[in-house]
Structure formats: C-alpha cells, structure tokens
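Some structures to go through are shown next.
After this come two complexes, each holding chain A, first together with chain B and then together with chain C.
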Partner chain A sequence: MSLLEYAVLAGIFYGLYFALVGVGLNLIFGVMRIINLAHGDFLILGAYGAFYVFHLFGWNPLWAIPIELVVFFGLSLPLYYLLVPRLQKSGDPEMLSFILFFGLSQVIEALAVFAFGNDQRSIPASVFGGSPVTIAGQVYPASWVVSAAVGMAGITLIYLYLYHTRIGRATRAIMTERSEAVVTGISVHRVSAVAFGIGIATAALAGIFSPFMIGAIAPSLGMGITVTSFTIIVIGSLGNPLGTVLGGLLYGEALMLMQTFLTSWAEMFPYALLILVLLVKPTGLLGKAVRSA
Partner chain B sequence: MLRKTLARMTLGTAALAFSLGAWASSPSTIKIGTLYAGSGNFAQASTRQYDGLKFWAKQINAEGGLFVKAYGKRIPVQLVAYNDQSSTTLAASLYNRLITQDQVNILVADYGSVLTSVAIPLALEHHIVLFDETGTSGKFFKPEDKNRYIVLTGLPTSSQWPKVLANFLHTVGSKRIAILYAANDWSGSQAETLKTSLKALGANVVFYESVPNSTSSYSTILHRIAASKPEVVAEFGYSNNDIAFLQNYESSGLYFPMVFVPNPALHYEVVRKAVGDQAIRHVFSYVAPPLIRYNKEVNYGPTLDAFEAAYAKSGGKNVDLSTVAGYNTGLIVQKTLATSATFTQEAMRNAVDTFSGKIFTLDGLFQVNHEGAQTGESLPVGQVLPTPHGLQLLPVFPLKSAVAKYVYPTPGK
Partner chain C sequence: MPKGWRSTTLIPVITLLAFAVLPHLYNNQFLLFNMMMYMALAQGLNIIYGYTGYLPFGYVGFFGAGAYGGALAITFLHWSPYLAVLAGGGAAVLLGMILIPLFRLSGAYFSIASLAAAEALYYVVANPGLEPLTQGPYGISLPQVYDPNGAYWTMLAILLFSLIISGVIRRSRFGLALSAIRESPLSASMSGVNVVKLRSISWLLSALIAGLAGAAFGWYISVFYPETVFGLGIGVFTIVFVLFGGIGTVLGPMIGTLILYGVYNYIGISTPEYFQLAYGLLIMILVLFLPNGLVSLARKRGLNVA
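Up next, the complex of A and B:
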C-alpha cells in the first residue's frame, strides 16, 4: 500500500511538471494551428540557461525563471513574425509547420552542440536544500515538489491569462474560430505573437526544472521531449490548454504506477495510453469542450 | 667468371625489380576509415574517442607517417571519418561506404557496442579487420562465430567487468544485493554476470530488474529497491541513467550502505559535475585509465603522463577513457602495420596475435584471444573518496591495485 501511495503522489508531481512541459506546445497549436516540433529544443535551451545560471554565477536555478521568461518571450516575437504569418498564408499550414519547425529543431540542436558541446549536464538536486520533503507520510525529493509547484503556478497563470484578461479572451476567440475573430476586429497577429511568446517562454520555464525531472541534459534530447509533450496534449486534447493538465496528470500517473509495478514497461505505457485514448475518443479527453468554449 | 658476373647481374636486377615493384605498389597514404557521432546519445563519448584517434594520426604524420613493415617504409596516415549522428542505420551505410567506396586500408569502429554492432557483419563480409575501440559486448566474440575479422583494442568484454566487483562484495561480506539495469546489451551483460557471480559466491540477489534506457526518474524505483532491504545497490546504465539515479538517490532520503554505478569510470568529471560532490561522494564504480594510471609498465607508445602532457599541449582537454581508447586504437593499428609482413587483412590479423600479451600501452596490457576479445585488461573497483585535491575516484580493490582504503558501509546522509 505504501508503494502505491508513493507512486500516486509522485505521479501528481510528475504530471503537474509535464503539464507545464506540454502547455506551451498546445497553446501555440490552439491559436495558430501550427505544430512546433522545436518545442523540446526550446525547453533544452531553457535547461542550459538554468545550468549556466547555477554553474557560472552560483545562483539558485530559480533565478533563471524571471530571466528566461523575459529573454525567451522577447526572442520569440521576432521569430513569430519571421515564420508564422508566412506559414499561415500557405494552403496547409499544419503540414508545412511540421517541416519548418522540424528544420528549426535540427538547427537549434546543431547550434547547441557548437555552443555547449555534447557532454551531459545537470544541476545537483541539493540546490533546493539537502533534505527531502515529507508529504502524507511519504518522502519526496524537494526538487520534485518545487517543479510541480512551479508547474501548477505556470498553468494557473496561463488559465488566468486566457479567462480573465482581455487579450486572453481574444486568444480564445481565435482558438475557437480564427476567421470570425478577424471579422470582429481582433488583431490576430498581435494576439498570436503573444501566445507564441508565452508558449516558448513556458517551454523554457519547464526546461529550468528538467535537470531534476528528466535527468541529465544534452542537445539531442529536444525531439524526445517534443514527442512526450505531443503525447500529453493529444491525450488531453489538441488546442485545449486545460486538457494538457489532464494529459500531464495521466502521463505522470501512468509512468509512476508502471515504474512501481511493471518497471520494464514504464516508458511504453503512456504511448499505449495515447493509442487507447485516440481509439476511444479521437479528439482527446477534453476534445469537445474546447470546440464549444 | 662471365657466368658469375651474369648471375650477380641477374640477381641484382631481380632484387631491384622486386624493390621497385614493392615501391610502386605501396599506397601513398594509409587510409584509416572510422565513424564518430557528432550528435545524439553517443556523441559525448564518441567525439572524445575520435579526438584521441585524430591526435594519434597527427603525431604519426608529424613523424613522417606510419611504419609499414610490408613496404619497409613510413607512409602518411589519412583519416577518413563520417558523422553517423549516433544512428545505427546511418552508421551501417557509412561503414559500407568506407569499405566499398573509400576502400580504406584499416577500419576502426565508432564508440560503444551499439554503433560497433552494425560494422561487424560488414567487416566479416568484406574480409576487413575491424579495430573495435570500445564495443565490448560479449556477443561480438562468440567462439562459434569463428570471426577473425575483429580486434577489441581496449577494455575487456562487458560481461567480464563485474567479476572483480563480485569478489569485492564477497570480500566485504555483503549478502543482500539489489541489481538494477537499463535494457541494453552493455548494461544487461554486466548485470547478468554480477548476478551469476554473486550467486556462485553465496550472496542473495534480492532485487533484479531492468528499466528502459530512457528512464530518467528513479525515485519510485528506489523506494521499491529499499523495500527489499539491500546492503548494496548496483545500477548499470548509460551515463544519463547513472546521473538521474544518483540525483534521485541523493534527494530520496533513502540510505544504502553501498551504491555502485559504472559510468564514473568512463566519464568521471562529467558525472561528478552533473550530480555534484554531495551525490557522488563514497559512490563505488570501476576504475579505468586515466583514473588508473599506467606509466612504469608501459612498453609501447607514450606513458599516460606523457600522453596527457602532449595532448594538453596540442590544445586537447578533458582526457577521459574515451580519449585514451581512441589513442590506444591508433597505437594498436601502428603496431599491427609495423609487425605484419604483408599488407593483407589476414596478415594483419595474424600479426595482432604475435604481439598480443607482449605490449603494454597507456590503456593497459593488450592481449586478445582467438576471437579478438580483450583479455589483458581488467577493471578494479574504485570509490569516490575525499583527497587533498578534492573528490577522486580511487582504486580500492583488488588490494594489489588499491591506492586507498575503501569506506564501507558508507556514512549515512
């Protein structure tokens, strides 16, 4: 019973973190209908940012949060105007985005190898204090609790942005029906650029905690993280950020429970879950809700 | 008199013709074909291994080339290398290109068993000796395969690695051992050997499970291991597995009297920097060059000290086992061509047998069996211990190799 309790709570921590990993990808898809295959690479760049904040300056990686949110948001705006409007003029932006962002992913990976080398890097888990945290009689790494807390905070902020700000409501209008949003006078590119920036910045935010949740970082890990993110958002529902929370939690629970009871199959099960969800509900678990929002 | 003169002239002409013929047929360069992983999972070790081989080639060319006994002269070395991006599919295609299009004289494998595995059938099919740098899988050297076209230049086969560890655990009286391994051949063969050896020594393997290679979270698994109350936890995986394992162990609040992971032996500084001093202190591992230092014993090529100094002078940095393995492969190729009487692959392979067990390089004793598996080197058990120069991985067993006394059980956290 103790192991089951441990796994369930660990799944929640892990799931909240992975919801943060996926939410940026889903926001970008929901608003722009483009698939950012470089999502994992932005996350890895965020991880390197935290690595250097810690190793060069000796600062706690939490200091990387404000720095990276500003830097990645700022850099993503010109990237948006360089790439996305052209993509959306094409006949099939979704498919073209696949190819274009795959190329971008390869470019980022290659540049990261030049800049950071191929060595695996990480940050000692002791930066969040040497002692683990006891919750409900179970002992968890402090870094997991911090990562989950930041994940929850990040998702809450995105929720507040989408549902309680004017630009957020405009964002949801575009997500629901882009052409109608244009007719109503919403500045689609301005709103989309902000959503794109938030998507990239949340990827970098998740990257700050990846050394503790995903293990050692290396330039080649980006594509694998993108695939995991994609799994999570498809389980929840493509285009629905709230579905990502559900997808993340299911992913975390599936992984932790399998690691506890069927270790060898742990990495495969979330993908089996994805296939099951797609067969039963092809739009994802919250698929219908997003269309009627 | 005339007959004698004619006979001398005939002999002289024949000798001249023979030497001219040999000169004419000698290649202008010795083409050494190899692959390296510029990106992907094996990039870290592969690029360093390639750097070691490149450094050897640079040194040899600075000396006027490689002495090739078959031609009785020095011939410059030309490295032909392609980036396989850690992909076995791409590697297979590129090995084929090296053999069939580039027509290399010497074929050197990429790092590790995964990227070496695809070269083996090609080398066998084309009858070219594969100089295997670090592909230590026991499957490559099965006697029943009768493959004479492979030579493991450094490191024993991975299934041999944990034998010293098993003896160590027996010596310190550990009875309850947990073994966790990543589902790859390198890790699996070590885990299997350790389990078998421990059982033969009367120890109880209380936990024995595999995890996927991509496992990056060990906290839940560590709690399962703790439930089996082991005295020793041995985790076998790639460096990403070891790093995640040590990080999760450190922050788990759990305590095991001994933790063993293999990768500090291969990339000590990389692992130490990744997990931090606190997480790696008192961890056990294997010890391999350059952490175990061969200087006095070396009778072929530079000593480890001399190599490190020359490598640093040329701008190289971060010498680790991969760098040494790459350079050592160059030395074995050098000795092979200096020994082989004819410039054929079969003669080269036979030449290797003639100096096997007789040369000691910066990587250790070079000795291969009939199948080409390395049998000369062994990996002592080491422990990360505090020294005046900071934490170092020092040999602690067997006692003849030990430079420090092991700490077991390790202090609690």
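Up next, the complex of A and C:
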C-alpha cells in the first residue's frame, strides 16, 4: 500500500478522464485549424447540465449523457455555420480564432452567471454508489472509476468514427490536406460542422464528470480548463485526436505525482509542463510533420 | 520632411498636448491614466503582433513582470519610483530574453506557449512559498512612494516613448524587414533579412514597453495583488484594441483604444452587470465583420493611414 503505487494508479484514472477533456479541442483544431478557446466553458456548461439533472429531477448524472450529447451536438451545428465559414475567409484564421473564441468564452461565462449565479456547485460523489472500489490493493472512489470508463468509451467511439466510417475517413482527409480534400469533392463544411459538433459534445460529456474529477463548478473556471486541455493535447500532438490519450495519461500521472509529493507547486504545473513540451518537441510526442520557420 | 514622417511626429505631439491638458478639464485621473496605459500597451503589442505577425496571448506576463520588478526595486533596494519603473522595464526585458526560444514555435503554438508562460509566472509570483520575496497571494503595497501625479507623467512619457518607437519602426528599413518576416519568414531570410535578430529586437522592445507600463501602473495604484497585474484581461483588452483600430499602423491602435476603452468604461459604469456579455459580443462582431480594423475602412476610401 505505498503512496507511490496509489498515485500511479490514480494517474491512470485521471489520465483516461483527461483524455476525454482534451479530445474535442484537438479534433476541432485538427480539422478546422481553429483554437476553440471556449472549450472549457462548454465543459462547464456540461457540468451545470449534470448538476441540474441531479438536483432538479433527482436523476443519476449518467442520465445527463444522452441528453447533453444530443443538445450540445444540435446547438453546435448552427454555431459552426454562424462563426467558422466567415472566420476562415479572413486573412489569418488561426490567430483570429483565438480572439473570436475568447469573445465566445466571455459570452458563455456571462450568460452562465445570469443563469446559474456565481456560487460554486457540486454533486455528492456518492451518486455512483457509496462503496469505494478496490483495485490492486488500493481503494478508489467509485466516481473516479466511472469517469475513467466513460473517458475510455468516448475516445473509443471517436476512434471508430474516424477510422471506420465514411465521414470519418473524409474528416481525416481534411485533417491531412485540406485543399486536396476539397478537390476530391469532400463537402468540407458539412464534415467540419459534424467534427465541430462532436468536439463540443465531448467537452460537455467530460463536463458531466468534472464535479468529481476537477472540483466544484463555477462559471469562471472555463479558461483554466481550456489551458489544461491545451497542455494535454500539445503533449499528445496538436491535431492528432488519438494522441490525446497519451497526453491525457502522461498529464494524469504527472498531476497525481505532483499532488502527492509537491503539493504547493501543483497549480503552476500544467503551464510549466506545456512550455517544456513545446520547447523540447513542438510537434508533441506523436507529431510527424515539422512546421517550418 | 517627407509626408510619412510628418504624421509620425504629429501623433506623439498631439498625444502629449491632449494628455497634458485633459487632467485640467476632466477630474477622473485614473481613467486617463488607464487610457494612456492601454495606448502604450497597444503600441507595444503592435510592435510584435502588428509588424511581425506573432500574437503573444500572454502579453500581460510582461506587464506583471514590470509591476513586480518595479515593486521589488522599491521594497528591497529602496530605489526612487522613477528608477524602479526602469527596473520594471528591465525585468520584462529579462523575461523576454528567457522566452526567446518560444520563437521556435509558430502560429497558434507560439500564442499558447506565451499564454502558458504568463500563467506560469503568475503562479510562481502568487505562490505562498515565495512570501518573503513577492508577498505571495497577499499582494504588494507601496505606501512610501504613493504619488499619482508623478506616476501619471511617467506613464505619459512611456506612452510617448512607445509612439516614437512604433512610428520610427514603421517608417524605417527595420520596419520593412519586419513586414517581410510577417509575410514570409523564409523569403525574408533568403533576401538577407536576419530574421532571428530583428524578431528578437522587436520582441524585447515590445516587452520593455509592457514592463515600463506595468511598473508605472503598480506605482500609481500602489496596492495590488498578483491577479491584478497578471489578469489575462489586460492582455486581451490590448489585443482587441489593436485589432479594432488596425494592426501594423501607429494611428490605428490609438483610435482603437480611445473608442473601445471609452465604450467599455461607459458600459462598465452604466450597466456593469452586462459588461462581460457586451465585451464578449463586441469582440466576436469585431473579428467576424471588421477583422482588419477601422484602418481598413479608411483605406477603402483611399486614405493613407500612418
């Protein structure tokens, strides 16, 4: 029952969950080359969804999964057509997307304050059954195990979508070489809109479990979660959704080890790790292409 | 004097006159101070973003480094606040030097990395473990040098400095080389432009201006917390002001700050509860409908903007 063993195993649970946190941001960047700086805010909205499903109806937060996937996917399609095509016509979409989605993140945050107030909200971890789970001699809260399982399921579904469906193949074509994908007759906007929807829906899905894994929810937490997601996807490789799993696991492990052994510096850790990875290997651990200049 | 240089001198002169006279006509000195501060920051950001195309999303890191650099010089070295402002600029330049390797990254990678650097610095400064040095989360207090008027004139000097630097860069071979880097770093280096050197110089100048402004700000308010001077909002406000006016010009960021900071203050005072919503919507509308700023409207009418 060593502390180290406990931290390492906990890191795997956190890692699988954090892979789900980052994957949507990575999918959107990979396909559209835009930075969704409102990613964390969508995640927080997802968390509020779970909170109200539990507190208003008394349902298990797991019921929020189908509801939110449908709602967030449905709402992001019009959002895509409202924002992205126009943005991509501008001179420097990658840079301007930063500012555009920062604006969106402010709007979501402001509306969330109007709708939900500034108080911190939480869901009791006991909703997934009171008894903790014992794995390899270590005891973990059931909510960690459930979150990790949902994270793994979400990533698996995205893998199946990308590699075993027709539209998924078209999505990968756009990620590899956008202009050639257009020439072969792929409807870029239709495929991108679906990827945008999936990206935001997975953020909301991850949000459902954030009260257990990240902590009490409040409208202002979005930006921090966005930066954390960046760290994860940069480690795994920007633009490679499956690399996110590796990024998530490394991040989860490192976070758990920091929290166990170097508590007071844990807060700055994601940022320092992000810079370190960018400087040592800008393309991420699984990156192939090197960007010039 | 050639036509371009005339407007390059005219802008600082008008600015000097305006901010020298305004305190006698309008009694909210803090608002005028902030206006000058954002105008200086806008020029500082313009030097790196407007002229070379690199967007440091964590630009506020230099501002915070300047505020803390200045405050530490006053607290521990007992420097006069004027010298301490220079020390703040020096602290930001030092940070800029440490961050030069970030230029190995391009596009979004650079922006994200600079954001992470600013946040990392914030958590270092705010760490309770550093309380003996930075006071950690408990903040800085400088009652011994409190002098809003001194800080006001210092900020005006910083603003003029930033306007002159920015104007000279825009009109010189140096500025031409920077635009070449912005359009294509590869072609620029093939044409004999020393990309790494010029980019580093403009980066450090940009850092210097933010550091000076941060130190003067810290002096003016004289009580502040890590989140006051490292708040991402300061950097983002600056980016939006520059963008709204028009990047790569001297006049654009000035007009952009004047109008938008004015509007933000109006909303902030009249209906503060809607501030964040209005601010966010304004940013979105700006990017979608006016990505090249007010300057592009003037250019469409055939006007040449300084």
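By our rule, the second predicted complex is superposed on the first by the 286 of 293 C-alpha atoms of A that agree within 3 Å, B and C clash if a C-alpha of one lies under 4 Å from a C-alpha of the other, contacts with A are read in each partner's own complex, and residues count from 1 in each chain.
The definition used in the following text is that a residue touches a chain if its C-beta (ideal position, glycine included) is under 8 Å from a C-beta of that chain, and two chains touch if they have at least 3 such contacts.
This one's a predicted model, so the numbers in the text were calculated from it and none came from an experiment.
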Is A:Glu5 touching anything from chain B or chain C once the two structures are fitted on A? First, second, both or neither.
neither
Of the two partner chains, chain B (first) and chain C (second), which one does A:Ala110 touch, if any: first, second, both, or neither?
both
Return first, second, both or neither, reflecting whether A:Tyr14 touches chain B, chain C, both chains, or no partner chain.
first
For A:Ser90, using the defined touch cut-off, is the partner it touches chain B, chain C, both, or neither? Pick first, second, both or neither.
second
One more residue to check, A:Pro124. First (chain B), second (chain C), both or neither?
first
Can A:Pro132 be said to touch chain B (first), chain C (second), both, or neither?
first
Considering only the touch criterion stated at the top, classify A:Ser264 as touching first (chain B), second (chain C), both, or neither.
both
Touched partner set for A:Met213, first chain B, second chain C, both or neither:
first
On chain A, the footprints of chain B and chain C overlap at residues 109-110, 113, 264, 267-268
In the complex, the residues of chain B that touch chain A are 38-41, 43-44, 47, 86, 183, 209-212, 214-217, 219-221, 223-224, 227, 239-241, 243-244, 247-248, 250-254, 267, 270, 273-279, 413
Spell out the part of chain C that touches chain A in their complex, as residue ranges.
53, 55, 57, 101-102, 104-109, 111-113, 115-117, 119-120, 122-124, 127-129, 185-186, 195, 232, 236, 239-240, 243, 274, 276-277, 279-284, 286-288, 291-292
Touching chain C in the complex, chain A uses residues 29, 35, 83, 86-87, 90-92, 94-96, 98-100, 102-111, 113-114, 223, 227, 230-231, 234, 238, 264-265, 267-268, 270-272, 274-275, 278-279, 282, 291-293
Of all residues in chain A, those that touch chain B in their complex:
3, 6-7, 10, 14, 55, 109-110, 113, 117-126, 130-132, 139-144, 211-216, 218-220, 224, 255-256, 259-260, 263-264, 266-268
